[in-house]
């Protein structure tokens, strides 16, 4: 009797599992959900990307389902956290494709995790919308791969254009050693010449460094210095900004879109005053003129996100919003989740208004954004201001 | 010395003082148990995160700091009591893996209890840099340096004068002998983890205004603190300070004079060279083989 | 007399010896396992478990048998991976030749690194090996023109004599065969004069030296062997995944490898396989926990080491023996 | 015929002389004992003679070959074997493996043959195993062959160390207090063993407190005090040396007085 007693929980558990499976099969037969898969760097060094992305996807899938789903079917979201590790991202992509049988994949928070997933999605022929920055993701164009964020090359171009306007030519570069930083640094070096910019110093710092005065002291001593550009994310740029003021460097400081969140101003405090950076309209939603086509979209997203999560919106969550909505839009137009049809529908997206800008995709452009999507912002009185 | 090189030194001292403070925690636990506590960085994180969130919720800064240090101390005691203490007879490597598990657990809990964002804490005395011979240093860095020195002095007093301190020291020299003269080794273990956690939390509170704090900021601090403790000589408190400052200066000078991209490589290569010449660290014990 | 008759029995029933018997059992598991695989994802996880097992079997020779800690083995893994990838992708070498050359190169690196730093002991050795791993990962991330930097680089598929390995089944077979070979080599080494020398110097270096064992030479040898295992697994991983990043050399990855060895059980080759497999599969199973994953994983690791301090395999087999006695 | 020649040997620890300007010779196939009060430097001397300690001055030659400064395993390779006062058994191995480890010098230890388990190596292993079993029988340990060393009693471990040292087929065997902790019967067995070894051509160097054993087996005795040579000669010569008696009585060791 002892044995039977001990086995009772196990047998009842098995019974429950069986019942659930039968039930599940019944529901599935009635109405197959649209399966959306996602690999995000929710934890680890790139969690500042993955965390708002995850929150955004979860919130909007919930909303869409509450509103009856898409083409009469519910959405089913599966998110795996790759921790920023490319190897894990590859395995999770495989899992999404083979085990979870998803219809479309949104994600890849970082360039590394995206690149690791690309061979698999190309092979499996599944629409894939990356949320990572590097231009290499969509150049050359890969049939099944799209992305929503502006490229790091565009960020460089926006910054250099602004510098050119202010007649700043001799520029020092300081960047982190992470993938985002290194990729942007490389793109900036590539396009600098086109804007007549001369890179007079090129320094780097580690992701967890606590003091960048040594690098900035070297930059400060560079003859003819007119501006400094910091490519990076996380606490690094905040420390750079503070050390910048500590050393009394007076030339303009530019940050990248990697710190495009109110949190940057909060952490850097007074030191952030006067810092310029390129960012999507989302960051300055309320400041946009009412004529701006993006205004309605970004104000709504900002309101929803901040109300639900009680934390400042970042442009990265916006990229996930755009990725999800592009997919939903394409599925509606395709009228099914047939992978080839959805892919074609995504590629034919025209005039879609997202948080990142107005998206016009084509067979030769799998990003669909131009430089106008970026706004140049400046920190003034502890808040963002549009540079006219 | 030019103002430029003085600035490199100032930057190195800022970083080095942080490493030194973390390294001291490693040495305390090593002395009492022979274990490298890979969760030491998490103690630092818990101190910083608790203080930052308590302060943000409206608590007065001194109270928030006291609560944070207390919370970390309790976590340290629990780690010793429920995990490391239960596996006392296990191999040292096994104990180290337990602390690795603990660091994952603490990091995992931190991201649930708090969040994954970066938090800041106000400096104890403002952001206005102090100028010395053309080089500038943040007042908070001076706080870190001063507290590090004060902590070393207090540890020397504790281990040299108090009953518990002497018991802990005796245990580090010879466990069996310490047990034979009636020292309760479990109490020593508890005390060492509690002390190391409190110290780590103090470090976290002091560092947060400079480097900020997030749920995973303990990983890198732990790694560098371990490196500093080894470089100075594991188990030696002055060694931890010397190791920390040396490592910080190495990084800063390498970034200033050689290459900021390879500054960590340079620092590690120099460290390996030092270890090969002095296999027990800069101020470590010299031992010879005995049969 | 009793012992010698037992030794005779061993010679008769070769499959009943710990060495051959274990390998036969492992081969059976490797052969039968795919029957339970529903799709390519299962193969993928199994392949990764196999690759990690190969590294851990080698690392266990160093840590478990010779008692020398290494917190830098991810460095050797990454060097093997990047060496193979670079020679094949940038210089157009045949993948198999690139793999062999990379592994040989890593052996040389391990020898040059091991000679000086294996004079250090305990935590100081841990620090030195850790430093080596950190240096490798920084160089790989910094040298972005060659390695693609932190975002990683693409690797061409593995091809040998016209055959291109692409399918999950092919890779499962390759990795399975390599794992069996790795276990066979490791078990051979353990049960040889060299293996005894390693265990001897683990217990007492002085006594080992008095017995005529050249401790520095044996330590360096086993360091090189373990690095070669890691590098070979690294090269295979690069070809299999088709993509590598410098995070494969990270300190976290090195710690993960040591954790696998200790979790499975030190000085037990099959413990290393079990440890690597369990800790590769477990995170996949824990994804259902979402944000609780890291905390639960840490708690499980702590609990296992507290209650099974010698590692899973030695502790459980000890209990089993006591039970049957 | 001289086997081991020591001249001017000096070892200091933190300025204190443990061994000071010591010179002596040990002849082949004899039993040569080293005695002296506690702290006289006997174990330090053994550590110097096996290369564990590096002398501050002086030289150690075996059959005219300079060994000073060589690594420990080179001393072993030159033919010097040894046991330890405090056991240095490999507790993580079986008794058989312990003895087989002792045969390390007589085995081929190439890395590749070991990895590949070549037939040659397999044959050598079988031979090695037989010889090791033979040694275990010789020392009455065959019952423990497959037992893990940490499960063996103290007396057996003492003999296991001797078996392990003999497995290397040394020309000179250094025994550090082999009879410590043994009962009179066991000690007598050790004495018989030492004589047999000397007769078979092995030089035995014995450090021992049991004076009955020392006086019974030694061909030659070296008496140390404070790291210096106090006296030297046959058992009878040493026994009658007034300096020795004084040193021992001064050191309150009654055993020598009792037997003298």
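When the chains are written out, they are named A, B, C and D in that same order, and each has its own residue count from 1.
Note that in this section contacts are C-beta pairs under 8 Å (C-beta built on N, C-alpha and C of every residue); 3 or more make two chains touch, one makes a residue touch a chain.
Since the structure is predicted, the reported quantities are computational estimates derived from the model, not experimental observations.
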| item | value |
| --- | --- |
| Partner chains shared by subunit A and subunit B (touch criterion as defined above) | C |
| Farthest-lying chain, centroid of Cα atoms versus that of subunit A | D |
| Most central chain, Cα average position | C |
| Pair sharing more residue contacts (C-beta pairs) when A-C is set against B-C | B-C |
| Gap in Å, rounded to a whole number, between the CA centres of subunit D and subunit B | 47 |
| Centroid distance [mean C-alpha coordinates] between subunit D and subunit A, Å | 72 |
| Centroid distance [mean C-alpha coordinates] between subunit C and subunit A, Å | 36 |
| Centre-to-centre distance between subunit C and subunit B (centres being mean Cα positions), rounded to whole Å | 32 |
| Per-residue overlap in subunit A, given as positions that touch at least 2 other chains | 42-43, 177, 204 |
| Where subunit B touches two or more other chains, by residue | 111, 219, 261, 264, 289, 291 |
| Residues of subunit C whose C-beta touches two or more other chains | 138, 142, 206, 291, 293-294 |
| Contact set on subunit B toward subunit A in their complex | 4, 7-8, 10-12, 14-15, 18, 111, 115-118, 120, 127, 129, 136, 138, 141, 207, 210-212, 214, 216-217, 219-221, 251-253, 255-256, 260-261, 263-264 |
| Sites on subunit C touched by subunit A in the complex | 38-42, 44-45, 48, 138, 141-142, 144, 149-152, 154, 237, 241-245, 247-248, 284, 287, 290-291, 293-294 |
| Residue numbers on subunit D that touch subunit C, as the complex places them | 50-52, 71-73, 75-77, 81-82, 84, 88-93, 96-97, 100-105, 107-109, 111, 113-117, 121, 125, 128-130, 133, 136, 142-143, 145-146, 164-165, 168 |
| Residue numbers on subunit A that touch subunit B, as the complex places them | 42-45, 47-48, 51, 177, 203-215, 217-218, 221, 234-235, 238-239, 242, 246-248, 263, 266-267, 269-271, 311 |
| Interfacial residue positions of subunit C with respect to subunit D in the complex | 1-4, 6-7, 185, 188-189, 191-197, 199-200, 202-204, 206-216, 221, 225, 267 |
